[in-house]
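Take a look at this one; I'll ask things after.
Order of writing sets the chain letters: A, B, C, D and E. Residues in each chain are counted from 1.
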Amino acid sequence: MNDAVLLRGSDLGAIRGERVLYRGICVTAAAGDLILLRGANGSGKTTLLRQLAGLSEPQSGTVERPAPHHWIGHTNGLKAYETPRSHLAHWARVWGSAADISAVLSDIGLRRPADVPCRLLSAGQKRRTALARLKLEPRRVWLLDEPFNALDTDGQAQLAAMIESHRATGGAVLAALHGTAPIDATREITL
Amino acid sequence: MNDAVLLRGSDLGAIRGERVLYRGICVTAAAGDLILLRGANGSGKTTLLRQLAGLSEPQSGTVERPAPHHWIGHTNGLKAYETPRSHLAHWARVWGSAADISAVLSDIGLRRPADVPCRLLSAGQKRRTALARLKLEPRRVWLLDEPFNALDTDGQAQLAAMIESHRATGGAVLAALHGTAPIDATREITL
Amino acid sequence: MSASPLVAAFRSSLSEAWANGAGLLLPLGFFAGTAILVPFTLGPEADLLSRVGPGILWLALALSSMVTLERVFQADLQDGALDLWLLDSGSISMVAAIKTLTHWLVSGFPLVLLTPLLGYGLGVPAAKMVPAMLGYAMGGLVFFLWGGVAAALSASVARAGLLIALLALPLYVPALIFGVQMVEAGFDSPSFLFLSATMLFALGVAPAAMGAALRLAAE
Amino acid sequence: MSASPLVAAFRSSLSEAWANGAGLLLPLGFFAGTAILVPFTLGPEADLLSRVGPGILWLALALSSMVTLERVFQADLQDGALDLWLLDSGSISMVAAIKTLTHWLVSGFPLVLLTPLLGYGLGVPAAKMVPAMLGYAMGGLVFFLWGGVAAALSASVARAGLLIALLALPLYVPALIFGVQMVEAGFDSPSFLFLSATMLFALGVAPAAMGAALRLAAE
Amino acid sequence: MLSYLANPLRFMRFSRVAVPISFALGVLMIGWSLYNGLFIVPPDEAQGGDLMRAMFTHVPSAWLCMGLYAALAGASFVWFIWRHELADVAARAIAPIGAGYTALCFITGSIWGQKGWGPGWHNLILGDSRLMSVLVLFFLFLGYMALRAALETRQKAARAAAILAMIGFVNVPIIKVSVDMWQTTTIHQPSSVISIGNPDPRGEGSGMNIVYLQQLLWGFGGHSLLAAAMIMMLMRSEVYTQQADRALALKLEGA
């Protein structure tokens, strides 16, 4: 298959409860793409993203994942007792990445609370910790679920910049989003 | 004291860890006010709101609460096993309110998932469930922490309308917010 | 405050206990466990069993109180329900009391109901059964109240499990001792009065303590 | 997959076990509990105690496995850590195995180390001590592995506690029986072989089962 | 006196002098009682021969650990009602010392009891109401320290720990009653070694030889002074470490 394609979902469908959330969705993400998932609350954006990420079985259709991907969901994946530093150190270890944690932390604006347990952090600081995982290891596909939530204005600007540079360096980004996007998308999928 | 004042915090200060988050903050909310709390992530908006709500002791200063208030925090206060209906029914019972739960549910756009356990709900549906508590019982002061998060576009419009009508009927709203507000505020406090 | 919040608290914590079922875990596990184990480890002499049984039941009560309550307040803190409870101030200690009582009802009381079964299996004389059950009921209530205080005190703490055990154990001793004696000696023993006194004391003090501790946890 | 994820999983679940302390709750609570309770309820005859002691330790192991593991995977599911583990597929069952083993190390193994103390206190003859400890170690391992499967299965389900008890108990019984017999009879008894077989079987099957169950839970 | 010391500055001034003095005095008195106890007074075979010399540490430490817990509860109460920072500092300092003396009471007691310690040593602990209540006391001290250590901010820790200390205190008498009652109705005879350790209802054996009593009292006085010195030392260091917070509070006032 064409190697520019980093992620392809064909004819995806999801059933929840007794109802069909969506069906026949086709997604193709190539290098440099930013694909926005739009739709009302409960329309199935998260579900679709999870199917693309391989976290849940599509009720119909198939997903090809030629490239590795990062996942940032609604939940940040932080434990109450973890500090931003220990969290990043942990996943760096799991992924075998040699990233400089302290550098990542200060990039993302968490230098001060780097050693405060997450249960004491502010909502935005938690979100930033989760987003910092993107910097631990380069992966060509990013799957982001409402990544801008809880971020302050320059936090949002920073994330937008991250996404842009990721696209510029041959990555692809799929993001579920509400309201106006701070970045212009290649394509929008509305559920 | 002047009965138009619904909430007054005088000279409030907060210490977290070894650092002063803010000090000398004075907040006065009168009927019809919409006061927005602004500031970077971790600047202390949530902390201030919690002090105003009486959920945490101010390290300095005092708070007067002549009027009862509603609280919507970052966390929605939902249990995994609750359904939107049971959640609202529960708090209606606690507050002794006679509100018509089904009506509230369809107002807030939760008619379909009304009986789905919260752990299965979408992020926005959870948020809507929390916001529905505002409709259970009229209270003159609303304290909202980033209430627009996770809401879709018309969810946001709907909340904005709720806030406007609350102000019009002599209520006061204090909200922590990032980015551009969908409503024009009486006053902004930047931390 | 009116009664309605308390009723609501009762109903909600009932459904909570039912939902996460942990309440039933321990009595059940214990019952099955003992039923399977005791004969193996002790051999079937009825006399011997009848002397082990009561101790194991006390152990079960003490444990289930700690284990059940550990999660209760922590969960409320994490999902933000505690904030909502704290809003209409004053009620919180009552609510906490209701919560612990409900969990006693769900995870402690079944053990009391198991007494006849277990006791029968272990050959406890029928005459002893009623005072025994009352003893377990009262003792268990005290366990849950103090366990609740320990849990509330350590709700905001990461290392809660160890802490709760550490905080609760010394508080359990009196109820334990009186309870054991009462199960032995029956109603007309002084220990019955002492146990009642201990229970009333716990009922009086624990709720206030829980309230204060929970306010603190929400900070 | 390389080893680093497993090392990381081990370290993280160590700190987790340490952080929420539930692991330490039961050994400690149980030790203190038994030390205080058993003599209360049995009187101090060394002979009697020495015969109850082992059984109580088995009970402690079974319970601590159930109670500790109940929360482990549920927490991962709720805070989204499970999603992250699932991303690099394949590893999940190894990771789950590591997690359960770690929790066995933290909450099961201390009980094994307590055996001499408790055993001495309860007057168990020194000769029996070594086979006893090995028996507890192996039996406990089996408990924790099956307990992990039950926990993974019930992570997404409501009424987890009950389910765990129901699922785990039948799986526990064989290990329990062989273990008890081995503690009695020592190494050269057939039950030693049976216990080893049970353990190997659990080691072989449980991880895969946990992996599958967790995938399901994340859906 | 206490009200005089309530002011931290005055306390610091007072303790700067008091610590070394009471420390030295305490050590001297303890030394004296030990010297007499270990080398001069004749061993009492009825009480375990030379082992009974542990008594001169054991009984004072036993009395002290109870007294110290009362002090802990008192300080916590004062802080909880009047929010008097120094009281919290004191409570915090008392805990470890109290725990230490509880442990000492156990160790010495165990040495003393050695002879009688059959296979089931815990029978001894459970065989004597005192031992039992000390065990409980030890748990209370440990719990107090653990809770303090576990909570993030000092204010939070102080409040939670105070609640715990007060609850624990109102429980101590109940515990004592219960344990005593349990002990009187215990099925088995207390071992002969312990018998003078707990004068039984018939009062026989409760009489204690005057030479021992003297050394006991010297020891008790000495240990009290030593404990006071150590507590004040801990308080002083705590006060120093709190300078940072105090500066912060001033900043908060906007000074």
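In the analysis below, a contact is a pair of C-beta atoms (placed from the backbone, for glycine too) under 8 Å apart; a residue touches a chain by one contact, two chains touch by 3 or more.
Small disclaimer: the values here were computed from a predicted structure and weren't measured.
Ranked by separation of Cα centres from subunit D, the top chain is B.
For subunit A, the chain with the farthest CA centroid is E.
Of the two chain pairs considered here, C-E and B-C, the higher C-beta contact count falls to C-E.
The chain occupying the central position, as judged from C-alpha centroids, is C. Averaged Cα coordinates give subunit B a centre that lies 45 Å from the centre of subunit D.
For this pair, subunit A with subunit D, the centres built from the Cα atoms lie 36 Å apart. Averaged C-alpha coordinates give centres for subunit A and subunit E that are 57 Å from one another. Looking at subunit B, one finds that residues 17, 57, 74, 80-81 touch two or more other chains. Shared contact sites, meaning residues of subunit D that touch two or more other chains, fall at 19-20, 32, 36, 40, 43, 78, 158. In subunit E, 139, 182 are the positions where the chain touches two or more neighbouring chains simultaneously. Of all residues in subunit B, only 53-57, 69, 71, 73-81, 86, 90-91, 93-96 touch subunit C in the complex they form. Those residues of subunit B that touch subunit A in the complex are listed here as 16-17, 39-42, 46, 74, 109, 112-113, 116, 120-125, 127-128, 146, 149-156, 178-179.
Subunit C makes touch with subunit D in their complex at residues 18-26, 28-30, 32-34, 36-38, 40-43, 48, 51-52, 54-56, 58-59, 62-63, 66-67, 70-71, 158-166, 169, 173, 176-177, 180.
Contact residues of subunit E toward subunit C in the complex are 132, 136-137, 139-140, 142-143, 146-147, 150-151, 156, 159-160, 163-164, 167-168, 170-171, 174-175, 177-179, 181-182, 185.
Of all the residues in subunit D, the ones that touch subunit A in their complex are 2, 4-5, 7-9, 11-12, 15-16, 19-20, 75, 78-81, 83-84, 86-89, 218-219.
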